[in-house]
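Supplied in structure tokens, the structure appears directly below.
Read from first to last, the chains carry the letters A, B, C and D; within each, the first residue is number 1.
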Amino acid sequence: MDYAAILALQICSAVASLVLISLGLAVIFGMMRVINLAHGEFLMLGGYAAITAYNNGVNLWLAMLIVAPLTVGLFGIVVERLIIRHLYGRLIDTMLATWGLSLAMIGFVTVVFGNTVSGISAPLGSLTIGAYRTGAYEVFLVLVAAVLLVAGWAVLRFTRLGLIARGTMQNAAMAAALGVSPSLVYAVTFGVGAALSGLVGGLLAPLSGVVPTIGAAYIAKAFITVISGGAAILSGTAIASGLLGTINTAMTFAFTPVLGEVALLAAAVILLRILPQGITGRFFQRSL
Amino acid sequence: MPIRRRRLLTSAAAGLGAASVGPFVIRDLRAQDVLKIAGIHDTSGGLDIYGKQMVATMDLAVSEINAKGGLLGKQVKLINYDPQSNIQFYTQYATEAATKEKVAVVHGGITSASREAIRPLLKRFNTLYFYNTLYEGGVCDRNIFCTGSTPAQTVEKLMSYVMKKWGKKVYTIAADYNYGQITAKWIKKYTQDNGGEVVATDFFPLDVTDFGPTIKKIQAAKPDLILAPLVGAAHISFYRQWAAAGMNKQIPLASTTFGNEVVITSPEEHNGIHVVFGYLEGINTPENKAFVETIHTKYNIPHMTELAAMTYHGVHLWAEGVRKANSIDRMKVIEALESGLTFAGPAGKTTLDAKTHHNILDVYIGEAKDKKFVVLEKFPVQTPADTAAVCDLKKNPNDNKQYVIDVKT
Amino acid sequence: MTAPILQTRGLTMRFGGVIAVNGVDFSLQEAELRCLIGPNGAGKSTFFKCLTGQLRPSHGDVLFRGHSIAGSQSHAIARHGVGIKTQVPSVFDGLSVRENVWLAAARVNPGRLADTMTDAALQRVGIGAIAGRMVGQLAHGQRQLVELAMVVAPEPDLILLDEPAAGMTDDEVDRLVDLIKELNKRHALVVVEHDMQFIRRVARTVTVFHQGAILVEGDVADILVDARVRDVYLGRQAA
Amino acid sequence: MSRLLPVLGNIAVLVAGLAALFGLPAFAETYVIINATIFASFAILALSLALIWGYAGILCFGQAAFFGLGGYTYAVAAINFGDTTGAAALAVALPALFAALLGYFMFWGRISDVYLGVITLTVSLILYRFVNQTAGEQWNIGEAPLGGFNGIPSTPILNWPGRPGEQLAPENIFSLAAGLLILVYFGCKALLATRFGRVVVAIRENEARVALLGYDTRRYKLAIFVVGGAVAGLSGLMFANSVFVSPTMFSLPVSGQIIIWVIIGGLGTLIGPVIGCILMQVLTNWLGTLNQVPGFGWVDPNLVLGVILMVFVLLVPKGLMALAADAVRWVVRNLPFPRRGKVPEGRKGDVRSASATGSHLESVHTSPFRRFAPPSPSGGRKSSA
């Protein structure tokens, strides 16, 4: 019984982790049809921002929840102005340019911080479930993923900002019709996507630590999850994460971590073959 | 200046790939008066955390040698190459060092893969090679000297120490590559030798960062202790997640690889982890204290591992060989090094073993405490028994391969 | 009466809740020339796409010489001898005019014969003078002619032309009318067009589409004075 | 003149190639030859992507899969067979077969654009993950251990056909690699000049139209994809002979670096990616020795590569070849002496897109004028009406 509970928790945790690492990428892809291959480095930057702030005496929660998203969000807006802006409509070119950005960020952070930075310990201590112990912080991250999804849905559904965003998702010209310049929408979107990545990067720092190359561990999974999910930002990411995360955890428990990883990748390939536009490209087309 | 211009012309004429080196390296024009040696260490890319400290200790060793008047009346000039954690560049730089710079010796290589990339090349080009990293053992080749520790030297001592202290049920989580696979076998062997049992062994590719499922599997297995030969930046997540689950207070942990991780993790995460190495910064000798002080301050390296210390020992051992041979001729130096040369330095007394070309060294069991290692016990003069079981270069001087040591369990 | 070259039975194309083509029964005789008219959004282009395999019909059947081709791949349908000029010229912008037409000719004719066919098609459409130009740099009307030459080159049995006259100069339209008449001697044609002048010059029988279904079908003279047609199409356009 | 240009270009490439082929082994030092061998094997890899991306419009994000497969097939087969000739043939055949399976899976599923990129990327990651965890003994194939992360350091060097044990010297390996590079280059040129090649280019331009003309585009895409896979396998074989095989051959950075070469050299050309590849190799090689120059120790290779990639995508999207062509044209136009007959104004554009590399089929098809086009899910470098 305890084991079943811990297994369920582990699946939730795996799904939440996919949701978290994909969300920033999904926002940018869903709204702008831009694949940001520097996404992993945005997460990395969030981690560095949180740790640097913390090491300089900022409260840990403040560092993770405020400093990290703010830093990366602003950085995202700068990137949008300097690079992305010139490449709209050229999906492959944006991928290449942001990939160049990702290399440059790795190099730059290595030069500034070196490859060694002291991490932060995970706060909140541990939880006991029957005979098992697990990090309370892990549970906290599951909650954060859920809150982000619900909040995202509420914003898109009920606010004027959400209306503009939904309009842009359907048709870029719609934003103009609503009296907002598409260029502003894109800048804000990219900023929000980047800020989300920064937030997640900050939140993950206590668990995975930060090194300049940590982004590589995230980008492929995030990329695959977002594309498998399809164009709908929230439901696409949630469904794809749910599916892939469950497969990964089940295979990891049953066999080995490698097999779990391979099963995740293979599932994504088969999924894309069956649904070439991603899950929400076929089903739930009207969802958010 | 004329020399340099001619160089430029020849390389331009060579066409393809000519610009790859050449004019940008500032060369000492009195080429006849220096004795060139090369270091190939990754100072960028994923392994730079190790490469940088190895470059620092190598530089220190060379400058010490030069301060005492150099070798054979010449100053030693160190040429550093950065293969950027990319095997392909090892091949290119090793060839360049051997055939273009005609160096007397190459020190370098961090992973076993990088060593095996350049070992055959350097043998073909008759250039002596020192590999200063702890590794899985088994290399048998008269052209190479391996100064790092191997599992038989370290795991035996560690297992008997920690099993006496903590219990008989062992759970192993190892990096999924040669070193991890072989070390896991040694762990199993010595666990059984000490009357215990390995309840499970899990292997993790070097880029795994999520250890959640494993931590739960470990709890289900209820071992007395964990042995963790994990490697690299991604695997550090294990120690964080282990501590976050509060497990570090429940089940004790020992490792053969937890080195620089002590700087990156926090004391709450790493206090109490037991390690075993051929060198620890906490070694309490005057030589070591001075050595640590210099590296920390002059080279700005926050923490050194066995790799850095053995690189320092390796360069000095080679220098001893050159002094004894009174030549940089490769065979003469090899014969001198085979005569049981020793170097006493920060890691204690190290002696090159003629049969295996591996290092006979002192082994230290330590405990991580507040970003440092405290030495718990020292085991002097450990011989490379694993490699010795498969390799005898006295008998078979033409041997040239890495044996996979068959560990009987 | 001989068997029709093209026949559809209850052809229906549904996009989500929108029905673009609704139960169309259409029939075309060998060597017939048919004009298709109807207001924007009447489903003409969707109808063409269903015929050529660019869309898989939701219901119904398409018969080419009695042989069902509904749901076949585009290339398979083309191999039966169906050529189409699409509404927006679908050409190879990065290639020269000659290469564009050659690719069409080379599908059915090997080697030198393809070159001869290419020259013939270029002459026939009257674009021999610009054979070396890159298609991406041509005016809209010229691009239409390039695509027309591509359709003509392999000599298909059934030719579908979707708004062929759009963007053409008067001279070009004159040549197009002649070409269509000449083609009709040997091929069956279906022409979609908005330009009523043009329809009057080429059409005999006209089919009117409205809201995805056939509204009325008949002789051009009758259709153009039909009150219903005026209401849905001409009337609306006038308004 | 316009007919003469491509011929002159081909002759120039051939002369440069042959000069390297025969000149280097005779005059250069060993390290130059070894480097050049690696460059040549990578240049073959660059050609494989130049062909399928630049001409067929198939953006494969996992070209490294075929590269690695070629290398591993060769190493495993050579260790088991003793003689390397059959192993070399397998090293080309197996990646081609794998490309055929993968291509069938993708093209018959009508997968294109970014989705195709994700699938190829994922497949290469699966192979990478798999090979990376083969350190255990259960993964020995016959005599050959797959070796996991460490790869197969004892990869045998090619021997003379039929004479096992008589290994080729480094100079021979270089000659072979350079010879194959020249062969593959002109092979690709010839292939593109055939009907098959023209149809493939037409598919890049407008796949729907090609289908409406009656060509089964899936077969053509599959065929060119298989050719690309075989060429990448060949490159893996030569790389295995100049370094050795390890899982990094399958890795994302390798796939990515091929894309960088093609972008920098020029998409839609063959010579561009070869030059881009060699330039980037020389550059990264040089960066590794930089730390010896005082004051340059802080230069991080990643930083430099990243900035270069961004600059090219933003400012030189057509690549170096087009840039060079523009430069040459500028010089010609501004020559002080009068020319016979001026280029008529109306034909200028014609010259622009056609002469980047000298042939119509080689025209570069990226448009720098689409900067503010609205986002579209397909987008990319393919034109859409």
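Just so we're on the same page, a residue touches a chain if its C-beta (ideal position, glycine included) is under 8 Å from a C-beta of that chain, and two chains touch if they have at least 3 such contacts.
Since the model is a prediction, treat every value here as computed from it, not as a measurement.
Student: Please give the intersection of the contact partners of chain A with those of chain C.
Tutor: Both chain A and chain C are touched by D, going by the contact rule given at the top.
Student: Walk from chain B over to chain C along touching chains and report the minimum step count.
Tutor: Contact-graph shortest path, chain B to chain C, evaluates to 2.
Student: Select, from A-B and C-D, the pair of chains that is joined by more C-beta pairs in contact.
Tutor: Pair with the higher count of C-beta contacts: A-B.
Student: Going by C-alpha centroids, which chain is farthest from chain C? Tell me that one.
Tutor: It is B whose centre lies farthest from that of chain C.
Student: When the C-alpha atoms of chain B and chain D are each averaged to a single point, how far apart are the two points in Å?
Tutor: 36
Student: For chain C versus chain D, what separation do you get between their C-alpha means, in angstrom?
Tutor: Those two chain centres are 41 Å apart.
Student: Using mean CA coordinates as chain centres, what's the gap between chain A and chain D in Å?
Tutor: 32
Student: Multi-chain contacts in chain A: which residues touch at least two other chains?
Tutor: 110, 216, 258, 261
Student: Where in chain D do residues touch two or more of the other chains?
Tutor: Those would be 129, 133, 300-302.
Student: Could you pull out the residues of chain C that touch at least 2 other chains?
Tutor: If we look for residues of chain C contacting two or more partner chains, we find none.
Student: Which of the chains are touching one another, listed as pairs?
Tutor: A-B, A-D, B-D, C-D
Student: Residue numbers of chain D touching chain C in their complex, please.
Tutor: Against chain C, the touching part of chain D is residues 195, 198-199, 201-202, 204-206, 208-217, 349-350, 353-354, 360-361, 363, 365, 383, 385.
Student: Quick one: in the complex, what on chain C touches chain D?
Tutor: Per the touch definition, chain C meets chain D at residues 52-54, 73-76, 78-79, 83-84, 86, 88-96, 99, 102-104, 106-108, 132-134, 136-137, 150, 154.
Student: For a test of understanding, state which residues of chain D touch chain A in their complex under the given definition.
Tutor: Per the stated touch rule, the residues are 59, 105-106, 109-115, 117-119, 121-123, 125-126, 129-130, 133, 252, 256, 259-260, 263, 298, 300-314, 317, 370-381.
Student: Tell me, which parts of chain B touch chain A in their complex?
Tutor: Interface residues on chain B, with respect to chain A: 44-46, 48-49, 52, 176, 202-205, 207-210, 212-217, 219-220, 233-234, 236-237, 240-241, 243-247, 250, 260, 263-266, 268-269, 302.
Student: Can you list the residues on chain D that touch chain B in the complex?
Tutor: Per the touch definition, chain D meets chain B at residues 19-20, 23-24, 27-32, 34-36, 38-40, 129, 132-133, 135-137, 145, 147-151, 153-154, 242-244, 246, 248, 278, 281-282, 284-293, 300-302.
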